[in-house]
Amino acid sequence: MTAVLEKPTRQLTPKEPRQWKGPAVFVAVAIIALVVMPLVLEPFRLGLLAKYLCYAIVALGIGLAWGQGGMLTLGQGVFFGLGGYAMGMYLKLNDAGGDLPDFMVWSGVEDLPALWAPFGNPVFALAMVVVVPLVVAVLLGTLVFRQRVRGAYFAILTQALAAAMVILLVGQQGLTGGTNGLTNFFDFFGNDVAAESTQRGLYLTVAIVLGVLYLAAWQLVRSRFGRLLLAVRDGEDRVRFLGYNPATVKTITFAISAVMAGIAGALFVPVVGIISPALLGVVPSLELVVAVAVGGRFALAGAVLGAVVMGYAKTYFSEELPDAWLYLQGALFILVMTLAPKGIVGVATALRARVRKEASA
Amino acid sequence: MVEGFLNQLPIGLSIGAVLLLIALGLTFTFGQMGVINMAHGEFIMAGAYTAFLLQDFAGRSAVLVALPVAFVVAGLMGLLLERLAIRHFYGRPLDTLLLTWGVSLVLQQVARDLFGAPNVQVLSPTWLQGAIGPMPYNRLFILALAVGSVVAIWLYMNRSAQGRRMQAVMQNRQLAATSGINTGRVDQRTFFIGSGLAGIAGVALTLIGPVGPTLGTYYIVDAFLVVVAGGLGQLRGAVIAAAALGLLNSYAEFWTNASLAKVIVFAAIIAFLQFRPQGLFVLRSRALT
Amino acid sequence: MTALLEVRDLAVVFDGFRAIDGVDFTVDSGELRFLIGPNGAGKTTLIDIITGLTKPTTGTVVFDGNSLAGKREHERVRLGIGRTFQTSVVFEDLTVLENLDLAASFRRPLWSLLRRRKGVIAAVEQALETTGLADLAPRKAGVLSHGQRQWLEIGMLIAQGPRLLLLDEPVAGMSSEERARTGELLTSIAKDHTVIVIEHDMEFLRRYASQVTVLHEGKVLIEGSVDEVRADPRVQEVYLGRAREEAAHDAVT
Amino acid sequence: MRNSTWRAGAVAAALVTAIAACGGDPATTEGTASGGGGDTIKVGLLHSLSGTMAISEVTVRDAELLAIEEINKAGGVLGKQLEPVVEDGASDWPTFAEKANKLIAQDKVATVFGGWTSASRKAMLPVFEKRKALLWYPVQYEGLESSPYIFYTGATTNQQIIPGLDYLKEQGKKKIFLVGSDYVFPRTANKIIKAYAAANGMEILGEEYTPLGHTEYSTLTNKVVQAKPDAVFNTLNGDSNVAFFKQLKSAGVTAESMPVLSVSVAEEEVTGIGVDNIVGHPVAWNYYQTTETAANTKFVEAFKAKYGATKVTSDPMEAGYNAVYLWAEAAKKAGTVEVEALKKAAGGIALERPEGLVTIDGETQHMYKTARIGIIQPDGLIKEVWNSGEPIKPDPYLKTYPWAGGLAS
């Protein structure tokens, strides 16, 4: 038994060829995102890109949970919202400077609710951005995965969770701002949130956070845990007979994807200036899954690419052809699912393989 | 207060009847074929618009005429969807979910372009106006419709050769195929019936709710919850789950409010799945996934 | 020898059907035991109960002195019970090496899994050699033949260092060469492991089995050496008679 | 292999389209500040053209486009033609903020007409305040707001809710049940109603909220029927009204036995609800298609001529239509479309509009409006049965109502 734990002995398989293409592309994209984009795009468009990158962070988590782990989560909006509200509560209290936040005044709340009080502390609020989605995901994951609720059941449950979350938030107007959500922020850690310099800084922050989380996710996928995750995706019951508890593996992954969504939500709030139930319901959650499918769910890069491409497409078409957007979105979706289930990344891989084959022939 | 409390019992059953009608078709398409049809709501919508269109010919009793017509209309839409797209997706239930969501978006926009964005008016028959105690006639009509649909389906499943083939495919697709059942044909039939039931639900809903392009979106999540709680492809599971959720909803809303009632129902389903992860009734299978 | 596995008064009922009906069954440490019986005799169900996939209606299963009641599948694996399945399940998107490595790593603490695999650990290397899959190590498991998959599955078992191996029809669907190789593999494994094999194939049984337990309609019909079992008239009636019918049926389809 | 190439091609084409979308940055630089420099003046129209709110908002946009067309025919504003830039808020509040930013920063419009829900207004408010741009908001709302960069052309609470209550009180309805959708407007409205009731000897028997888009009203109907109120005050929104009235009707509730006063049901919604189900029930607004003014005859005719004879006009449409005229008038008075000058000039502007005389209150940037209670007729139109006699001064914080002391703090 102890032999299993022994250190590696000798190299049995030839060392894998040093991979340089992936890192090279990553660096190139990072340079474009961090240097080129801020120079080329006007502030308004840069702000939009920052928004898409926030969505890309959520998409990254979906790629991890769904593409790698086979958990189709239709409720990522919930975690996005939890992170967003944590940040929004801090910003609101900070702006109010000891008074009640504006929406509480017109909702007839007289004393600051106990739930809100600690969020005045930025460290606490930032911690909650991670902790609350983490706890909720672990709790839900433990309950659901332990009982082997999976596949379509899991998808439907997460969707219902998103629906229930919206109802809960809307119903607690004095606590959450109701349908309006939290909006009208002024100060972001000492900077005017609307100022161009702040917005550029926020864009860079979002881009860097995305990059870091991407690297972390990439590392995770390549690790033994990543192999295990694939194994759980393809044969959960078989994994159980290898002595692993798939529920633990799934819960951890689900929690990671939830934390990513939470961080994305927290960044989204200062970038866009609002967090409201409309952002975390069934439809926005589904739209992100769509984006991941379009980009290519089996590759982390596909998830990120999909979120950015779909974000741009939505903005572009709603500016140019608002009536056609629903048709286009639906049609794009049907096309991708039927013709290219592996998304843009899958198509690119197929094209490259073909070019290579022709070259060698 | 006591009277109000007692009234909630039939009200809960009638809510359950609505849930059952909207979920019945899904228990087949979802249960037999593992297809999560997000466009099910839009088939309901198609049924409702069928009733709207038939008013021009049938006047106030359009609802009655519309029942068989809507069954065929929605059924054919389902058949088309199955033939064109879904049959390529068997064994990939999560992909069908996303695919059919795309279909549902397109269908909503089609409805908007055909009938306009505002709700349209479907007048209910004069003979459905009135009530016995807390139960309006139109609710009784829906209850009868739900019971009728269940009985019809039960008879079909258990008394007809087609229905037995359907059950065979539901229980073991491969075995059914090797024993000479044309599973493709059975799938088409199942999808036709499942979607057709959505059409019937749509007609019934014109009696109590709005008729517009987004009609389907109001019901789809609830319908799936009924199926999940009842167990895949389980007629009796769907019936019991719909009744239970209807009653729970009715009393939860009576004691709290509509928003909280929805949250309570969701929490109850999660709790229930802790005991019965596969829903009320399960098809046994030895296959290892 | 001491009893490694003890099954007492075991019964399981599916919707009124008694799939296992009062089975007592003991396997000693180091034994190679064959479990045979016609279709529906309860062989796979028995293994399912031992590994936790099915809950018994009554009765106990004791492994190395510990009752297995209430233990979940992965916990039983951790106690040292490993199994394969009739239809082999390997992870097609992982390489052969990764499949084995995954199997071998199950005792590592979870956090240590977060690091990338570097090199090949001893248990995996040994499994590669025992199963003869070393050449295929970097290939995706999805490209393996049916026989190779079964060996990979057995290899994954060995890599876990289990104390009891349960093999469910390891040679079903194999060519005669593959059968022969599987038989050798089995013999070599049996040298230092306790193994229970479910098998239909009488030829295979005759060549590799020593101790045999025959199940019939959920009950133990007879236990003994291959020759004793083969000579028993009841076995010939229930098992061989059926087998002949099945063979006839197989020939038709 | 052939097959996969073909697939690859199809998706590559889709990808190219998407990339083209990224690159296609619509012309941004030609317009100068405040849209006043060129031959035309750009104005933004920002309503939901898709999603759940499209039903209502599209008609407001249509009314605004009609006003722009009419003004252009009459020679435009300051000698320049108006050029509408239409954006879709997609029933999504952050999208409203995003598009408002786009209209101001990129299209450099002189002003924006837009919004419907309170949430969309609250989402846009910081954008307009920070960029010092102007929004004209055309829908009745919950009050308690007075942004220096928003003009409110719909009613505030003292021009709709309170007159509605005055009407019920005059009718001798003392026991009221409150039903609303679960969001800001109904909750605020009901707070005001409760304060009013306490001060006027009325009794509130119940207060129920349902989620937006809720369609199952049998339990709520049971609660209402059990409470036996004299009247129901209904602040439900959108499709919920259809379900509510249908189910109320089938429970045997009629306008005679228990009138339901609605503040979010206008001419357009009546068809969807079914005239049968709502006939005889009262509503509270400032304008009906049947309102008898010369300006209204002209408005209804022009609207039907442009959009079809079956179209109806409603209060928010009229308020949107007014907004364009009021802005144009203020621009004329100020001699510029520059925001601060125009704001200064706007106070006191009075125009005869379809609803009657409308005057801009310079202090709150709300309008003086006449409150009107109407009854739904069998033909689906609404007949006025009561009005406030004269335009009511807007009081978004209800400062002039002693009983409302604790509300706005």
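Lettered A, B, C and D in written order, each chain numbered from 1.
One rule holds for everything that comes next: contacts are C-beta pairs under 8 Å (C-beta built on N, C-alpha and C of every residue); 3 or more make two chains touch, one makes a residue touch a chain.
In this text the structure is predicted, and so the values were computed from the model without any measurement.
Asks: State the smallest step count from chain B to chain D, taking one step as a move to a touching chain.
Replies: Counted as steps through touching chains, the separation is 1.
Asks: Suppose every chain is reduced to the average of its Cα atoms; which one is closest to the average of all protein Cα atoms?
Replies: Answer for the innermost chain: A.
Asks: My parser should flag the chain pair with the most contacts; which pair should that be?
Replies: Greatest count of contact pairs is found between chains A-D.
Asks: Which chain has its C-alpha centroid farthest away from the centroid of chain A?
Replies: C
Asks: When the centre of a chain is set as the mean of its C-alpha atoms, what distance in Å lies between chain A and chain D?
Replies: Each chain's C-alpha centroid was found; their separation is 35 Å.
Asks: Measuring from the mean C-alpha position of chain B to the mean C-alpha position of chain C, what distance in angstrom results?
Replies: 45
Asks: What is the distance, in whole Å, between the centres of chain C and chain D, each centre taken as the mean of its C-alpha atoms?
Replies: Here the centre of chain D sits 72 Å away from the centre of chain C.
Asks: Could you list which residues of chain B touch at least two other chains?
Replies: 257, 259, 262, 288
Asks: Residues of chain A that touch two or more other chains: which are they?
Replies: Those would be 167, 170-171, 235, 237-238, 326, 332.
Asks: For chain C, which residues are shared contacts with two or more other chains?
Replies: In chain C, 85, 89 touch at least two other chains.
Asks: Looking at the complex, which residues from chain B come into contact with chain A?
Replies: Result: residues 30, 34, 36, 85, 88-89, 92-95, 97-99, 101-106, 108-109, 221, 224-225, 228, 257, 259-260, 262-263, 266-267, 269-270, 273-274, 277, 288-289 of chain B touch chain A.
Asks: Using the touch rule from the top, collect the residues of chain A that touch chain D in their complex.
Replies: 42-45, 47-48, 51, 105-108, 166-167, 170-171, 173, 178-181, 183-185, 194, 272-274, 276, 278-279, 309, 312-313, 315-320, 322-323, 325-326, 332, 335-336, 339-340, 343-344, 347, 350-351, 354
Asks: Would you pull the chain D residues touching chain A in the complex into a rising list?
Replies: Residue list for chain D touching chain A: 1, 4-5, 7-8, 10-12, 14-15, 18-19, 21-22, 24-26, 28, 49-50, 86-88, 90-95, 97-98, 101-102, 105-106, 117-119, 122-123, 125-127, 130-131, 142, 144-145, 182-184, 187-188, 191, 209, 211-212, 407-409.
Asks: Residues of chain D touching chain B in their complex?
Replies: Within the complex, chain D contacts chain B at residues 52, 54-55, 58, 182, 208-211, 213-216, 218-220, 222-223, 225-226, 239, 242-243, 246-247, 249-252, 268-269, 271-276.
Asks: Quick check: in the complex, which residue numbers of chain C touch chain A?
Replies: Residues 51, 72-74, 77-78, 82-83, 85, 89-94, 97-98, 101-108, 110, 113-123, 125-126, 128, 134, 137-138, 156, 159-161.
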